[in-house]
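Given below, in the form of structure tokens, are the structures.
Heads up, the next two complexes both have subunit A, just with different partners, subunit B and then subunit C.
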Partner chain A sequence: MIWIAIRMLTGDRQKFYGLLFGIAFSTLLITQQLTIFVNLLERGASGVYNVSSADVWVMDPVSRTTDVAYAMPSTALDKVRGVSGVEWAVPHIRATAAVRTKDGDLEGVAIIGVDDATLIGLPKRMIEGSPDVLSQPDSVIIDDVGMTRMFPDQSPIGERLELNDQRAVVRGIADAIPSFTSTVVLYTKYSQALNYVPGTRNRLSFVLVGKADDVSAQQLVDRIEAQTGLRARTREQFAGDGVDFIIENTGIPLNFGITVMLGFIVGVAIVGLTFSLFIRDNIKQFGALKAIGVSNGRIARMVAAQAGMVGMVGYGLGVLGTVGFIHAFSGDPTFKGFYIPWQIPLISLVAIVLIIALTGWLSLRTVLKTEPAAVFR
Partner chain B sequence: MALLPKNLSFSRQILPLVALAGLVLAVIYIATGLPDRELSEPTEEPPRAPQELANAARVAGAGVVEPSSEVIDIGTAIAGLVTMVRVQPGDYVTKGQPLFQVDDRAVRARVREAEAQIGEARAAIAEAQSAAATAARQLDLYRNVSDPAAVSRAEVIRAEGEASAAQNRLNAARARLQSAQAMRSSATTELGRLVVRAPISGEILAVDIRPGEYVSTMGGNASFIRMGETRPLHVRIDIDESEAARIALGEPATVSPRGASDRQVKASFVRAEPQVVPKRSLTNSAAERVDVRVLQVIYALPSAASSNEALFRVGQQVDAYIPARRNGATTDIVKPEADETE
Partner chain C sequence: MSAAPISKAISVRDIARDFTAGQQTIRVLHDIDIDVHSGELTYIVGESGSGKTTLISIMCGILYPTEGTVRVFDTDIYHLSDTELVEFRLNNIGFIFQQYNLIPAIDAASNAAVPLIAQGMDRHEARERAVAMMDKLNIADQADKLPNQLSGGQQQRVAIARALVHEPRLVVCDEPTAALDARSGRRVMDLLREVAVDEDRACIIVTHDNRVFDLADRILVLEDGRVTHDGAEMPEDH
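And then the complex of A and B:
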């Protein structure tokens, strides 16, 4: 019986492929749009995720994200080190500067100064060179996306830059997730960064803290805030702050959210309409089946099998399309670090299942009510 | 599906298989493509609190290594050309040992001049003495003549005058001798001042003077030789003034140099400076301004076995952990913690 349902489904190739295309396209639309949306928002947290060893970030009470930070006096480091439960704490400076390239062009860059002795604060992986190159004088490490912007079609290694009238030589390329604005990032030592960034009174942007084993990050955050009066955030909280900042301060969530929403609605509408049309077209066949004595329950199972088959195939192709899309663009710097969060295919799966079940049920109602005589009219 | 093995249908068999394979592929891709957000341990050892302070109340500070005498910038009392430098960096000198020598030819000439004047004065004294003796004998002779008619009154007066004048010349020559001796003594003192000597026993840290260079008493903070007592070394730890109330003064501190934070040593308490001073930042920027004040606490470092194995050198930056006071401020901090455990 189920097999008959499947043959019924695939019998009319045009309709079958139309249905399949509708579902696959909707899945692609929902999954791909949501993926890009989530990844764009997570660009706001890339600064936090690029630092792989800090459990807790400590900052001035008014600082909000990695890029919107108010500098603290240098003794803040020692205040944080004095808190019990702090395994280690290192200084971290983040600032913007204008760099003059060899051609004389001016480019805005982000300078990230990492702890001199331990180099805590660098991204986990390097594309070229090792973190040790920072021990050479006037060294900076450029991030890979910044490299493609600043030095298109050439290796940046050994290139000389001018920062605040000082010499800087690119000696390494870091594998980092770009920020929301894709600013060129130059990593250097803390002491060197102080020279590269035009002087303000206080320089220390963040204190990166590693927690002791016997405290949780949240406990440590509370202790640091109580003892030092500074603002402390766990890694996840601070990453969330970066995302929230983008949501609050840019039109991305609203504008892009509307697009995603429209994609979702369009996808849902296509699936719903094509499937309900398909059922309606087959009302005669179902009537004939009823006429030869097939029970309503069995017809419902047949429709469920049809829905399951077309939904599974369509969804599978749609997800495959999304994966193909993300994979195809993964080499592009704009899409660097984009990934498909595992929740998103599940969301689209739930959406597809819901909408097929709903339209299937709606159309089925008419089938179930159909008199067997309908086939003779 | 196995019912119709020969009639392979694209839409009924191949397509579902393709979709299934696509799903599996997608699951694998998504699972492996998730971003790496694992926390990693730092590769280099960052400065950590010592074991016994790991979970205790503590105060942290950064500081600089200095000699226990603090650094002495040796100056010169007299300006001039340097003719000889007797020490080099790393030498351990005792108190009073010559460090460098300023050109002394002019002063030596003055010594010889004074000596010549002394000789001249001595000769004048001898001459005056013999003249006085002659005059005295002459006067005696006239006085012993009993016959008043034999010597005229005028002769006697002249002889008396000569004796007195000879005596005065003798006195003047003696005064010249004293003056010449004083001159020689002054020149000798100056000769001594041209040799700059170590004010204390200690190590020569830096020598910034070479023979032939001109040393001047003007120009303020010029330091020609820097020295200090490096046995033992001290560290001057800056503690933020807001933390200063928490520190347990008198307890030993755990100190590690920058870049070798796994090698921690115990440093014993020496004193806390009575004055809270603006923090001296180490960015070397000329436009540097400060608004943070720090309490400086001084600790003595244990001595190293030999200079080659020395962990600490003068001027090096260190990180320090000091126990906090048990009572007072610390109890305030424990409170939120207690709330959590409840």
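And then the complex of A and C:
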């Protein structure tokens, strides 16, 4: 009977495709929007993820994220280095500046100054050039967002910029995860960064710390906080702080939540309407089957098979659509590194199961309520 | 007209049926007592609203009576559980509907095979059996066609094949010629007479088509929910 149910469903092509479209569109909307939402949230932690070697981040007690930091006096570095369990500690500066391009355009950029000696603080991978280029005078490394935005259709290597009346020459391109705001980032040495950022007495944004083997990151955090009075966070904690900051301070969760909810409602509306039309069109056939001697249980399984099939195929198409979307935009730095966490297809699957269960149940009620004697009327 | 009836197929005793419309309860069948025998082609005839559809629905186990008992092949069908009643219908009764009620998306043979598939038979085997039945009805060559590719008469013959494929002991037909022209209607009824009626099977037809009354072994006339005539021919005043 399941075969008959499936043929009944696929035989009415218009409604079958309508149902598939409803489910696929709903899945696409839910999966794609959740994917963008999660990836955008993770951008709040990109500053931390780009510095893979630091186990602990140390900052002023009022600092909250890599982008919301209050500068510390340079003596903080020595204090941290004095804590037992600290294998190494390096200065790290993050500040904003305005850069003038050779065409005279002004662009807001983030300046990241990394340790002069070790270059700790640079992203792990380079698209062009090597980290060593920073040893050359006035060198900066630009990230790929900056490359696309400031130097479209040309190589930025060798290009000159003006920062705080200082000359900067682009000598490399970093393969970095863009920030939440997709701001252009220029990496340079710490000493050079001090020249590029308008002067204040305190400049040190963070101290990046590597832990000794015999201590855990959390233990080291506790020790640093106890001995220096500064705020210390493990890499994971600080990444989480960045994500939390976006959740707490932007309307993004609400906006994406509304879109996901709309996806669900659109799914219920399209699928519910089309499925009930399909059932209504076939009500005589279902009535005849009931009269012939097909039990309600079997009818329920037939409707469930129809709903299940539409759900499965539609869901698959929707997820494929999302994968296609992410793949198609992967070349755009704004979507760089976007991926679909496994939890998201699972969430949309649950949503689709709910849509199917709800609409299937409503349609099934009509069938079950139909008296077999109705076929004689 | 056919072999003598050999056994009682249906025994209807003191059947009454009420319908509620708003605050009003209307009795559409009153104290019906009928016996139907295997080997008989029994017609139930009457004007619209006389209660014939209600009566046939009760006799074949798809509508509970308000009062009375219905025994089909010695089974008091309305004392069966819902599941048992459904199972009983599947195994003992074949249905032919006025509008055929074929499933549009499956071919004629698969439509005819539905009762066997519902009984759990393998789909391919059921289809083979259905094609054999369609052969008896001279439409085996239409086995692969979808219902909308068949004429009304052909569709009704597929419906007859569906009603007979699982060899039920009772065949129930609701106005089988209503949607057909005179010639096709006559041909379908001849076929029914030939194929559906045998000594182990009872066949009941609800009709008001006086062109085919001559084929009946027995005619029950219903008027206002009461049987007013029971005989081999129609009363003269009808």
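Following the convention adopted for this analysis, the second predicted complex is superposed on the first by the 359 of 377 C-alpha atoms of A that agree within 3 Å, B and C clash if a C-alpha of one lies under 4 Å from a C-alpha of the other, contacts with A are read in each partner's own complex, and residues count from 1 in each chain.
Here, a residue touches a chain if its C-beta (ideal position, glycine included) is under 8 Å from a C-beta of that chain, and two chains touch if they have at least 3 such contacts.
Worth saying up front: this structure is predicted, and the values here are computed from it rather than measured.
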| item | value |
| --- | --- |
| Subunit B versus subunit C as contact partner of A:Ile292, first or second or both or neither | second |
| Partner, of subunit C and subunit B, that touches more residues belonging to subunit A | B |
| Which of subunit B and subunit C A:Pro73 touches, first, second, both or neither | first |
| First (subunit B), second (subunit C), both or neither touched by A:Val323 | first |
| Touching partner for A:Trp3 - first (subunit B), second (subunit C), both, neither | both |
| Which superposed partner A:Leu273 touches (first subunit B, second subunit C, both, neither) | neither |
| Subunit B and subunit C contact sites that coincide on subunit A, given as residue numbers | 3, 7, 10 |
| For the subunit A and subunit B complex, residues of the former touching the latter | 3, 6-7, 10, 13, 16-17, 20, 49, 52-53, 55, 73-75, 77-82, 84-90, 115-120, 124, 131, 177, 191, 194-195, 199, 201, 203, 210, 212, 214, 219, 222-223, 226-227, 235, 309, 312-317, 319-320, 322-323, 326-327, 337, 339-342, 345 |
| Interfacial residue positions of subunit C with respect to subunit A in the complex | 53, 56-57, 60, 62-63, 82-83, 86-91, 93, 95, 97-99, 101-106, 110, 114-115, 117-118, 123, 162, 174, 206 |
| Contacting residues of subunit A [partner subunit C, same complex] | 1, 3-4, 7-12, 282, 284-285, 287-296, 298, 371-373, 375-377 |
| Complex contacts: residues of subunit B adjacent to subunit A | 3, 9, 11-12, 15-16, 18-20, 22-23, 25-26, 29-31, 33-49, 53-62, 238-240, 242-243, 246, 258-259, 261, 279, 281, 283, 285, 287-292, 294, 319, 321, 324, 333, 335-337, 340 |
